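What follows is subunit A paired twice: with subunit B in the first complex and subunit C in the second.
Now for the complex of A and B:
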């Protein structure tokens, strides 16, 4: 069967699954989720799973990932392990408001929604949609476009749970929010979660997302996150992907920014099978600024594909993307960055850089920095490089008595440091530096007290 | 000052096309439409051998299985391939021996184009093969070249007189299965130029082809094949114009270059097909496949293009760097105005060791035009120490046009170094202010800046063409350049 046929088959299977489970889905969910379902599945039927014919998915073999036989569940499954026993975030001094998702479901060991005295609400999106339907409804599906993206359509059709964070007007929290996505099961699993972050006007938030897989099984995650950042609000969002070679992840984040808002969105991919990160940014008000960063380290047969799309819809906005990659063994990497400057978005400043290091002859990197510009008073630039460590710098270190291996590690560390130094949550930054260092040394970069000795 | 600028930018859009005349010449035209019979007819008219006809039919059969690609950043109205005349030739009775026998109307046409076809212009030392509506009209300087063993003739002549060379190389760089338009061209191509430079020969003069679409409703499908044997060198120029017509005309050509060890080919194009009028009516669709193969060690291909014409330009002159130490260069200036669209760039495929490539692309968009750079740099697994540097700059004149950059970089070798840079900007107000301060009026200042901006590429053109290219920029960006 050809690849296209296989994908068509997968699309049909998933559509059929929707039909057979629709009643159970709708019965168990808030009307907010149910409203767009039919439309979403219709779009999914036409769009399908993106194949290689889709220019945006040119470098990722979606078919290979989706054609595996995963278990899928409409309802949360009983977890036979105690998550507390298995998982402790071991980042010292990282004191956070914790949200735990297990296999895409809010982990039901604490109240599904926490309401802090300062008006902040966080917890399960399913619960939020029941208790604050109007609040969720005014943002849900407003930014993630299920009419053009097949994977978003699929997620929207099946959406039931995920994380929810709400920061009221001019609000803020001393502690950062930490969302921990854990994959833990006794069978191969297909997971879809839906997340919503609302940062109201003038509010400030810091969010740390950690993706971990604790069982050495095949996983496929298709997650969608919608983020609204109001007027003059500020959000720092860090995503740490540290799974294993059998964990495949497609994550789509949609960031909607209003006037004078500031967002830093940083994705660090340390470990995973086939990882695809989509980041869509819409600068929807004058003076908004966005910084999207990424660092990825891949070895063995891993594949990391970062896709960013920044839409300058209004004048006077600035954006910058900086993605760096280190590829070892037979790893493959890809980067596509697209900047769209709309016709009247004058005085736009948009910059984009993608630098990559190939450590072996088998590693591959593909990069596509793209500018699409319809306004004339703009400053836009992009740059991309693919190369290896600077021989002169290596020589310099060698002359100072540092051996070749250490010198290489030092340079690679410095290469990644440019992205990591921008992490404003100090303990997290230190931990990331440490993880990257271990990762580069080839030591397993599992978080230390994870008892699952995943060898893959 | 902004108002001033706007005025000038407005004037820019008033640019006129000065090559828009129609030559009243007797044409040998076949019926509209494309089918097997038409291909047999073209082949028969050209008295081609059987193997050529078979090649055409194979290509046609393949073409019928294809769909027109849609990935480009272009809005292309649907093309009815049955509504095109696939063969139109100036009526020629007998083979001509001297210029006196050429139709005077035709000579007048080329005079207007400023092609150095007649004797007095021989002093300029350019050998010209002029192709009008698909048929090669006259090749000058043939004897001089023949003494050195250089073959420079029309493609049809080459098929008849040098069948071995044509058989060996035709389709070796751009196979008929390469893409939609390559298949179409392979099926219906009518003529073109053929160049063979033997071992160790440095061609003493610049070779040049001038293409012109004259007849209405015709497509032009020419094919150029350039072979530089070991140690050879040639500089080849190509220019094109077309009359002003309301309907669109299709131009789908193929250029193949084969460069053996230590040889070098420099290919320069000044493309000035009719771009359509101010409202976007008419104009040429310029969908061309150009590709060179650096087959031997130390070989070199250099593409230089100045693209000012065509309603839609869609082409990527490319280099396959197969020989070790071979190098490819691409220098491009693409200007779009009014409703013009361009999606152009290059592909550099690094296969051999120590291969180098340089890409310098300068886009200028004005009016309501859309100008895209699209390029691929591919470093294959065995291309150790491959090196690429790309620079793509876009200049926007006006706030209703677009400038886009879509580079693709694929690296499979860790000793490769690939760099890409791109910027998009408009002419800085401070730059204009600086000029104004020194008594240079705004119009001249814009001219100066655009000139300086494109200089890096124009400098790569042979003298003759550099002058013409500058003139073309003037026409395309009326008044503001000079």
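Now for the complex of A and C:
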């Protein structure tokens, strides 16, 4: 069977699964989720799983990942373990508002929604859609376009739960929010979750997302996150992917920014099988700024593909993408950075850099800038490098008594530091530095004292 | 301490060193002078272990041991230090982290335990004072954004931290104003003991006003063409390198 046939088969299977589970899905969900389902599955039937024919997925073997026989569930499965006993993040200074998702479901060990005195609401998106349907409805499916992206259509057709964070106008929270995604099961699993973050006008939020897989089984996650950042609001969003070689992840984040808003979106991919990160940014109001960063470390047969699309829809906005990768063994990586500057988006500043280090001859990196500029008064730049470690720097370190291996580690760490130093949550930054160091040394890079024993 | 015999070396088929002979004993300061392109930096790079060059003949021993077989880090641990003409900027590697790693590697080699954090910081403070390096520089990335003078001072600071037996200072004076030159020279002189040796490589005589050598060698076209006392520097200053070049024209015609 050819790859395209296989993908077609997967698309058909998933569509059939929808038909057979539609009644259960709609019965258990808020009308907010149910409203776009039919349209979404219709789009999915047409769009399908993106194959190699899809130019945006040229470098990622989607077929290989989706053709595995995963178990799929419409409802949450009973997980027999106490997450509270197993999991507490040990970064002592990282005192956060915790949201736990297990296999894509809000872990129901606390009220599904926390409502803080300052008006902040966070917890399960399913619950939020039932209790605050208007609030959810005004943003849900507004940014993630299920008419053009097959994976978004698939996620929307089946959406039932995920995380929800709401920061009211001019609000803010001393603590950061921490979303921990845990994969834990006794069977290979297909997981989808849907997340919504609303940062209202003038509000400030910091969000840390940690992805872990706890069982040494095959996983495929297809997640969609919609993020609304209102006028003059600010969001710092950090995503740490620390799964294992059998965990495949397709994550699509859609960031909608209004006037004078500021967003930093940073993805650190430490471990995973096939990882694809989509970040779509729409700068929808004058003076908005967006910084999208990423660091990935891949070895063995891992594959990390970062795709960014920044839409400069309004004038006077600034965007920058800075992605760095270190590839060892036979690992492969890809970066595509699309920047669209619309005709009216004068005085746009858009910058893009992608630097990569290949440690072996077999490692491979594909990098593609895609700039479409229709305005004439703009500053845009892009650059990409694929190279080795700096021999002069290596020699310099060695002449001070530092052996070759240690010198290489120092340089690789320094390479990644440029991305990590921009993490504004200090304890998280220190932990990331430590994790990256351990990862580069080939030591297990799980959080040191975390009782959750992530398999690798 | 260091004995170089008939050392010949080339890069990409071009012979740069054409038979160097040199002996440096503990307690001595040697200066190697010469016009641009004479092979001064090549010699220092080969002594430090740079693998860009092929050694085609000759031998180098350091304390009786064949130096040429050793990787750069082992040479460093045995006590050889190269002060770079162009110190390398390494963004993201902090000076503190770099120096702690280096000092402890050298200590490990000498069967000494790692320095405690407080002892290490104390040592940093002392050595910083010695070379009058700005305290802020050591909290930054290695050489990143340092001025020319700061980079050179940082080289001497590293030398002070690592306490080498043989320090090779490659054009440490280039790009320095007279005040910076004095500070660097002062630092070097303070580090000089009867047990260690220093090779100062320079194009100009002026550094030798402050670091007074026991022996001066003039390197020209890959050979040491003159060796003498410190008065040789004055002669060079007065007559320029053409004076050396004249009687050596036959070398070019070889």
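List of remarks:
Simple rule for what comes next: the second predicted complex is superposed on the first by the 448 of 456 C-alpha atoms of A that agree within 3 Å, B and C clash if a C-alpha of one lies under 4 Å from a C-alpha of the other, contacts with A are read in each partner's own complex, and residues count from 1 in each chain.
In the analysis below, a residue touches a chain if its C-beta (ideal position, glycine included) is under 8 Å from a C-beta of that chain, and two chains touch if they have at least 3 such contacts.
Just so it is clear, the structure is predicted and the values come from calculations on it, not from any experiment.
Look at A:313: by the touch rule set out above, it reaches neither subunit B nor subunit C. By the touch criterion defined above, A:204 reaches neither subunit B nor subunit C.
When the two complexes are overlaid on their common chain A, residue A:55 makes contact with subunit B while staying clear of subunit C. Legend: residue contacts after superposition of the two complexes on their common chain; A:404 is shown touching subunit C, with no touch to subunit B. Look at A:98: by the touch rule set out above, it reaches neither subunit B nor subunit C. With both complexes placed on chain A, subunit A has more residues touched by B than by the other of subunit B and subunit C. In the superposition on chain A, A:380 makes contact with subunit B only, not with subunit C.
Touching of subunit A by both subunit B and subunit C, each in its own complex, is seen for no residue at all. If you check the complex, the residues on subunit C that touch subunit A are 48-50, 71-73, 75-77, 81-82, 84, 87-88, 90-93, 97-98, 101-102, 105-106, 109, 141-142, 158, 162. Within the complex formed with subunit B, the subunit A residues making contact are 55, 343-344, 346, 356, 358-388. Those residues of subunit A that touch subunit C in the shared complex are 390, 392-393, 395-404, 406-407, 410-411, 413-418, 421.
Those residues of subunit B that touch subunit A in the shared complex are 71, 73, 379, 381, 394, 396-426.
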